[in-house]
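If you scroll down you'll find the structure; I have some questions about it.
Chain naming follows the written order as A, B and C, and within any one chain the residues start at number 1.
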Amino acid sequence: MKHASPSLWTALVGSLARRPGLARLLVIVALFVVWEIAARWFVDPLFLSPPSKVIASLGALFTTRGIPAALGLTLYELAVAFVIAVAIGLALGLAIGLQPFVRASVFPIVLLLYGMPQVTILPLFILSFGIGAASKIAFGVTHGVFPVVMTVVAGVQNLKPILMTSARSMGASRWQMFRHVIFPHMVPSFFAGMRLGMSGVLLGVLLAELYVSIAGIGYFTTLFTQNFEPAKLLGLVGTLAAMAIFLNALVRRAETRFGRWRTG
Amino acid sequence: MVSQEVAIGVRGVSHQFGEMGEQRFVRALLDTSLAVSRGELLCLIGPSGCGKSTLLNVIGGLTQPSAGSVEVLGKPVRGPSPHDIAFVFQENALFPWNTVIENIELGMTFQGVPKSQRAGRAKEALAAVGLAEFAAHYPAQLSGGMRQRAALARALSLETPILLMDEPFGALDEQTRMILGEDLSVLLAKSGKTIVFVTHSLGEAVFLADRVAVFSARPGTIKEIIAVDEPHPRRPDFVTSEKFAVLRNRLYGLLHDEIRKAVLQAGAASAPVPSGPL
Amino acid sequence: MAPRTRDAWLSRLVQVAFLAGVILLWYVATTRWGVNRLLLPNPVAVFGDLVEILRTGAYVDDLMTTLGELAAAFSIAVAGGLTTGYLISRSAYLTKVFEPLFAGIYAIPIILFLPLFVLFFGLGPASKIAIGATISFFPITLSTIAGFSGVDRLYVTAARSMGASDAHLFRFVLLPAALPVILTGLRMGFTVALLSIIGSETLASLGGLGHRIVTLAESMEMAPMFAYIVFVIAIASVLNAIVSTLEARGRWDR
């Protein structure tokens, strides 16, 4: 910029124009400010608390008996469900992608189940698997496994036949073809699938947790709602949202680091 | 028939993309001047990146040049002039969600042709390019050559005195190009339009043009203008004549070094730009 | 038979066989193997209850509640999403600022915020409509942005060169070009609205189909609960099929 002495305003606008990320941050800050103002002066404190109050009551929230345990349990369920969903998804996806017989017989079933509104059978899941961690993990797995299967299948199917042909022409064995051609080719799709799978697992586990209001976070969300404690409710929900954002970011990081060979 | 009247006057046009020091800075055109007579078919030929498409866009009012001016039919160019100039682009400019005839009628809607006239003119244009039976087809159902015929029909239906064609046959195979080139020559001999035609192909330039403007490598400027003194419509056996071979060889001589230069430029362009004190 | 239609036919066959097999297994499990009736009711009883429910129209109130919430939520999401998406897509800068923000929010289960909506709007339909509209807003907005941003610039250039005005451009070029992507987003928005509403009815509600299933589960009335589950799955399938067909109709790129 060749201006003589840019005013503060033009400098600010200029740097914002070059950094959409900064602008995004400002949008989020602006939202918080609006929330603060609205909650303080315009909305009944029974229904909404300003962020300042929420943050102030975080201490009380985390020392409430049962909250840390509930949060820890949820995190545990998320982790276990994710690992299981990814493992099953990968195995099933590879089988469907590589074996025509499996594809013809199993894939239609997978597609049928994928289209089903699983939330309908949530009460049934709880009745069958109980109110403990098992049902939450199971519900998380059933939500998370499908995106993994679909993306792995797509990743295997997208393999251009010319790559297989040239490998075979160089004398590769079946195992070598799998390890050096098929598997690396499928890895980016697999990581994308893991990202979607994490979203699915988050949905399944949290849905189940919110439903079961005997112990766990569902109990506390119901409690805070019924007692009209918006500050604590917002704090709890906010913490869970932060957890979800963090886990998503983790998987996305892994995808960027390990999952990309295409764009070099 | 080529008249003496100047249809398009280009004076000292220069154009650059981006600012000095930016990664994307490129001097596309440097001080280019040109006069196109009414009824003439002028070809612009040159290596990749020499600015011929940029010049076409400047003439057509799609790009404002960094320096210089353009006059079309005596009026300065400030933006698109849909009543004076029609474009034919390289490919994919037909709207895929409309049928061929809907595409042509839509062009006339944009230009402002009254509704009652559109259907008739569209059918005429399609017949002129030999696509009358494909009016209700979608572009995806047609071959590349047929799509470009349809694009030409759309341009013709606008009944403009000037046609600007940016490598219209560039995406087609050689045999299709040959046929389309012959058909174009016949069509244009009848209509008397002024045409500026950008191409990469030496043979196409000699076959179609009254004059060929040869561009240098970037920053592009007109190196030389060769005249092809042969009446329209060009007969297919013109291609095998000695006159054709002489002209084509002259073009080759003028272009070869520029093409090599352009290839080197393209290699250098993908190297990282050294950053300044900032 | 062309290979693709034969594959589709074979797929359907496998799915039907699978369902039939499951029902058969279910029948045998409850009648021969003595699986606990409290856990798995007899399929014949379930079928009987389903017929009874349909015959007496006992489902009507709950169905109307759910469908009403769905209609309201989806309408709000569509109006808001299309408008917001279009306005954002007009500026590359705004797209760069907001698109990642929306995508990031959509990646977390927004149903998590249901307790907040219940606190604010109560247990009635308003909280379901609010959360349904909120969740459905995102795929619609994101695909509207993608649709309009993804229009090949050449179409715009060609139209302008022929003298197209801004109104011409929007109606004849931008909208039809963006439509396939937008329709997909609308379909996804609908599916997600339906799921969110049934889900929120399951978690905290006084009425609606999701709530009905929960009530039956709590009173351990297994056969009617299964009947309602089948009913809801059927309704959801029909609605999704209708929406998918509408989407396919509008897609000129297939």
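Keep in mind that, in the parts below, a residue touches a chain if its C-beta (ideal position, glycine included) is under 8 Å from a C-beta of that chain, and two chains touch if they have at least 3 such contacts.
In this text, all values refer to a predicted model and were calculated from it rather than measured experimentally.
Listed by label, the chains that touch chain B and also chain C number zero.
Chain centres here are C-alpha means, and the one lying farthest from chain A is B. Between the Cα centres of chain B and chain C there is a gap of 49 Å. Rounded to whole angstrom units, the spacing between the C-alpha centres of chain A and chain B is 51. For the pair chain A and chain C, the distance between C-alpha centroids works out to 19 Å. In chain A, no residue touches at least two other chains. Residues of chain C that touch chain A in their complex: 10-12, 14-15, 18-19, 39, 93, 96-98, 100-101, 104, 107-109, 111-116, 118-120, 194-195, 198-199, 202-204, 210, 213-214, 216-218, 220, 225-226, 229, 232-233, 236-237, 240. Looking at the complex, you find that chain C touches chain B at residues 152, 154-155, 157-165, 168, 172-173, 176-177, 179, 252-253.
Chain B makes touch with chain C in their complex at residues 60, 62, 80, 82-83, 85-87, 89, 92-93, 95-98, 106-107, 109-112, 138, 158. Across the complex, chain C is touched by residues 17, 20, 23-24, 27-28, 47-48, 104-105, 107-109, 111-112, 115-117, 119-124, 126-128, 199, 202-203, 206-207, 210-211, 221-222, 224-225, 228, 230, 233-234, 237, 240-241, 244-245, 248 of chain A.
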